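Listed below are the structures to be examined.
Next come two complexes, and both contain subunit A; in the first it sits with subunit B, in the second with subunit C.
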Partner chain A sequence: MDIASAFGMSEIALQLLVGLSRAMILFIISAGLSLILGVLRVPNVAHGSLYMIGAFAAYSVNQIVGGAAGFWLSLILAPLFVALVSFVAERVLFCHLYEREHLMLLLFTFALMLIFGDLVKFFWGVDYKSVTAPDMLKGSVMIFGLPFPAYNLFLLIIGPVVGFALWLFVSKTRIGKISKAASVDRMMVGALGINVSWVFCTAFVIGCFLAGLGGALIAPTMGITLGMDHTIIMEAFLIVVIGGLGNIWGALVGALIFGVTQSIGVMLLPQFAIIFPYLAVVIVLMIWPKGLLKSVW
Partner chain B sequence: MKKLSWIAICMAVSVGVLFCLTPAHAAKPIKIGLVDCYSGGATTFTYDVRDAFKMAMDNVNAKGGILGRQVEITTRDTKFKVDIGVNVTKELVMREGVDILVGTINSSVALAISEIVKDAKIPFFSTFSKSDKITGEKGQRYVFGITENTAMVGKAAARGLAEKPYIKYWIAGDDYEYGHALGDGVWTNLKKFKPDVKLIGQSWWKVGEPELTPYLTAIMAAKPDAVIFATGGASMVNIMKASKATGFSEKIPMFVHTATELSTLMPLGQEAPADVLGTSNYYFYFPETPENKAFVKEFQDAYGRYPKVGALYGYLAAQYIIKGYEKAGKFDTEKFIDALGGLTVDSPVGPVEMRACDHQAQLPMFMGVTKKSPDYPFFIASEIKTIPGPQTVPTCEEIKELRSKK
Partner chain C sequence: MFKGMIHKNTAFFLAALFVVFLFLPKIIPSYYVYFIASVLVMALLAMSLNLVVGFGGLFQFHHGVFYGVGAYAIALLVKKTPIPEWICFILSPFVAALAGLIIGLICIRLSKLYFAMIQISLGSLLWALAFRWYGFTGGDDGIHGIPMPSMISGVNNSYYFILIVFVVCIVALFMILKSPFGSTLQAARDNEQRCEAIGVFVKRHQLFAIVIASFFAGIAGVLFVVLERSVFPDLLFWTLSLEILIMCLLGGWFTFAGPIIGAAIMLSLRTFIGIQTEYWTLILAVILALLIFFLPEGVWGYFQEKLKHRKEAVTERGQ
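Let's turn to the complex of A and B:
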């Protein structure tokens, strides 16, 4: 079927933009997951829970502060809160476990996911929550003569900003360079007299900060519920796998593939739209079994 | 001689013990097992069922219990999983020896429990499972439906939609049994009531999909007259947010079964889309009867929140149990079940009959549109139309046919 004739060009372009904005959120979350995978070699299943905590924390900040100020503040405070939680988790629990096998770590982080889920239920209760975007990001703006949600436009801007900041961190700061080195050969980094434990801690906290940021960013677009952790973690892992384990730019490429195939698939064959991103994953992995970009594993 | 007196003493003692035990036996509490998902996203619904059920039973206990026996409630978490649901149910039946089972929000679990109680001969009250198989095709003597099911929602919604001028429809929803059953339920009935309607497309997203914008923009491009959304769980809120942000709700009329539920509208605050059509078994502000007001006040005093639809189901289940035993006049499971057939109990939404032929409560359905409210900090349903229970359920003949098929 010729989609250009079934739908106008502007409709397709708009659908593409929607897909890109979804990809931005996915990128921010999976970049964090990828960073942790690369540097610490921990497949952190609890990453989705930290994203959920980020969304709930954003809700609380919005409740307390209120208005537009509450929203902007939540974008900073919620990820910081998640970073704090992850810092405690890293220092108290994770730092003793790095030498264990991957399977052990996987089970451990899975247990952590269940614990975080119950803690969220305990502190925030069982009702659905919702955050309101500030007035300037509410409603829709006209693009190509069609309405496009203003908030998704905001996501299209914030995504590259976060990407740029991450690039600055990894390639320009000392700690970034060390963690990059540690992800390639951690024995060597340790032999050079660098305190690897703190490098790991920093990378872990930054990765979790990104999960929290993803949660805070997605909060105004959806209902904040228990169980949102399960939904995201599958997608985030798939994105990391197709992009190349531990490669942050791989996460970007993976997120773009995931977001765009989904939104275009929805337009082409709405009844079977669910399978499109997964189909893309299968195709990518058949051709590049180790992911699109260089895996650090 | 000595031996004989020993025997006499032993007999006297055992007779004495028996006498002491008999009154204790009569006062043995009625054990009720609540099996439901008490973890994760479903808790926003299941806690209301549990709390209202407990509230009603606490009341009856304070007044001396049911026919002089106190009610004891034991809860078990299914974690939304069939295997766990089956295990905890078996444990309640075999180890705890429960007299009655109440639950659950997961239809697969409810159907599994139905199989267990058929053999164990224990009455089971299905409080939140929406599959019409529970009291329809797979219905049986020991199962009672205390909630709307997809067949009832479909018929009620179709009655409302048939009065609207829309011809070209699109159906979208969560890609699981409930979503499809709901979509099919509305569509087959709408086709019957208004044969000229056309289905121009469908979209189904995965359960819990956080980003519905691409689905909505794609539907807008196809330009249907109206869209039927079959959503449950997290999508209930997500669809409202996405339809408002994309401008969808202002362009295309929407029917979202859960649009007017408190679980959906309360979190949205002032950010809900207006004029979205929805159906529900219960609103705490409607009907404005003394019964409903008293129920809302009691629930609020006990738990500090508004009762949602689940509270009605929990309350109703408790009423059927209490009145069922009272009508039976004694504690005999078969007599209790016979007594429940055709029994009408009072509830916040008026008298509700438990139909004898399929053990389905004849709940009325309310249909309204979302509107800003001067009284509450969130949108409420307005222009509410009541569709009486008997008009939404399949007929007894249809049920008979469904059950004889297998």
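Let's turn to the complex of A and C:
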């Protein structure tokens, strides 16, 4: 089937833009996961739950404050809340387990995921929740002569901003550089008199902050519900793997592949659109088994 | 055939246990018969996974796929083709084994976490297909009311069928593990490089292990359909695969019978605590977390270790 004639060029471009804006949220979440994987070597399955907590927390902030102020506040408070939760989890639980093998860590974080899931059920209930975007992000903007949701445009702007901030943190700040070094050789960094445990904690909390931010950002675009952690964590893992473990730019590349293939899928075979990203992952991994960009592992 | 493989007392105990299980439906209410049957299905699935993970040392993170493929194979074969039911029963595990061969061939080139990830993406592909292909697999509704031969329908009859297939399968799994192949597999797990150095084709052995494990997972899938008479895409979802991994962990990785214990613990929690509270996963997760902290060998593994120590102590004192 000739896509161009069936849809028209501008519709294709628009569909791709939707894919890109979805990719931005995926990027924010998987960049956090990638940071944790790279620095701590923990395959954190609970990352998806933190994203879910972020979305629910954003809902609560919106309930309490309300209006546009509530939305903007939720973008700051919800990730901070998630960061706090992850800080406690790291100090109380994770910091004793870093030497365990990956399989154990993975199952442990899966246990955490179940715990977080039940806690969310306990505090927020099982009903669907929704958050409305502020008026300035509602409605649509005309792009290529077609309406494009303003909120997606907002996501397209905020994604690069977060990416830039993360890049500044990892490559320009002292702690970012230390964490980079610790991901290569944690013994050596410890031998230099640096408290590696706290470096790990910082990286973990920042990674989880990003998960919470992703949750707060996605809240206005979809129903907030239990189980939203299950699909996102798998997608985030696959994105991190095709990008190269621990590589933040890899997370960007992976997220873009994921988002764009999904929107191509929507155009070609709407019913099977969710299959396309998985297919892309399989193809990428068959050709580049270690991911597209350099992995820190 | 079994000479030297298991202790005489153990053999006697297992035979007695089998007889007890044969008479169970006469004694206990049919709800519990159904429960035990579902434990047996899960136990078989977990044991098949343990062959690859515990004894093969591979990161088989999406084993549930082969279970789901087996279940979908029997459901679709019985519903959509005129093939006699009993032939469908034999064909379905082979369909799962074929899926294991294809996915295994793609995965085996990679190692560790990458192996796990490509397997998860392939498995998710199948899940998404089953989830969305309404015309063929019934989409997210799944397929219900799959007709079964009258000989194995009804709770008691399906229980007997499942019990007998289960026993045959664990005997087969036991013999595979005790065979030269099984020993080579474990050797490759412990030291891959050394194994390759003495001329063992490690990857081929591991691939073969994946195929065998997916065959048995397929059997478990067929048994699931015998018991439940329905299939749904959740069978292929990755959380189920992690649940089976947890069963292996609960029981103990490097033990043969561990996964049975793990499956029993997990399903008991879900069934009996699930009635009391909707937060049963919280309890499971806390148990799991405590286990990882304090008993990384699993419940059965822990007791086996203890018993070994005691036996050693006794023999030392004897000398």
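Operating definition for what follows: the second predicted complex is superposed on the first by the 297 of 297 C-alpha atoms of A that agree within 3 Å, B and C clash if a C-alpha of one lies under 4 Å from a C-alpha of the other, contacts with A are read in each partner's own complex, and residues count from 1 in each chain.
Criterion: a contact is a pair of C-beta atoms (placed from the backbone, for glycine too) under 8 Å apart; a residue touches a chain by one contact, two chains touch by 3 or more.
All values reported here derive from a predicted model rather than from experimental measurement.
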| item | value |
| --- | --- |
| Superposed partners subunit B and subunit C on subunit A - clash or fit | clash |
| First (subunit B), second (subunit C), both or neither touched by A:237 | second |
| Which of subunit B and subunit C A:43 touches, first, second, both or neither | second |
| Touching partner for A:22 - first (subunit B), second (subunit C), both, neither | first |
| First (subunit B), second (subunit C), both or neither touched by A:74 | neither |
| First (subunit B), second (subunit C), both or neither touched by A:218 | first |
| Partner chain(s) touched by A:121 [first = subunit B, second = subunit C, both, neither] | both |
| Which of subunit B and subunit C A:62 touches, first, second, both or neither | neither |
| First, second, both or neither for A:271, with subunit B first and subunit C second | both |
| Which superposed partner A:102 touches (first subunit B, second subunit C, both, neither) | second |
| Intersection of the subunit A residues that touch subunit B with those that touch subunit C | 117-118, 121, 230, 271, 274 |
| List of subunit C residues in touch with subunit A within their complex | 53, 59, 106, 109-110, 112-114, 117-118, 120-122, 124-125, 128-129, 131-134, 237-239, 242, 245-246, 249, 278-279, 281-282, 284-286, 288-289, 292-293, 296 |
| Contact footprint of subunit C on subunit A as seen in their complex | 43, 45, 93, 96-97, 100, 102-104, 107-108, 110-115, 117-119, 121-122, 230, 234, 237-238, 241, 245, 271-272, 274-275, 278-279, 281-282, 285-286, 289-290, 297 |
| Contact set on subunit B toward subunit A in their complex | 39-41, 43-44, 47, 172, 175, 201-206, 208-211, 213-215, 217-222, 233-234, 236-238, 241-242, 244-247, 251, 263-264, 266-271 |
| Complex contacts: residues of subunit A adjacent to subunit B | 7-8, 11, 14-15, 18-19, 21-22, 25, 117-118, 121, 126-130, 132-133, 138-140, 146-152, 218, 220-228, 230-232, 262-263, 266-267, 270-271, 273-274 |
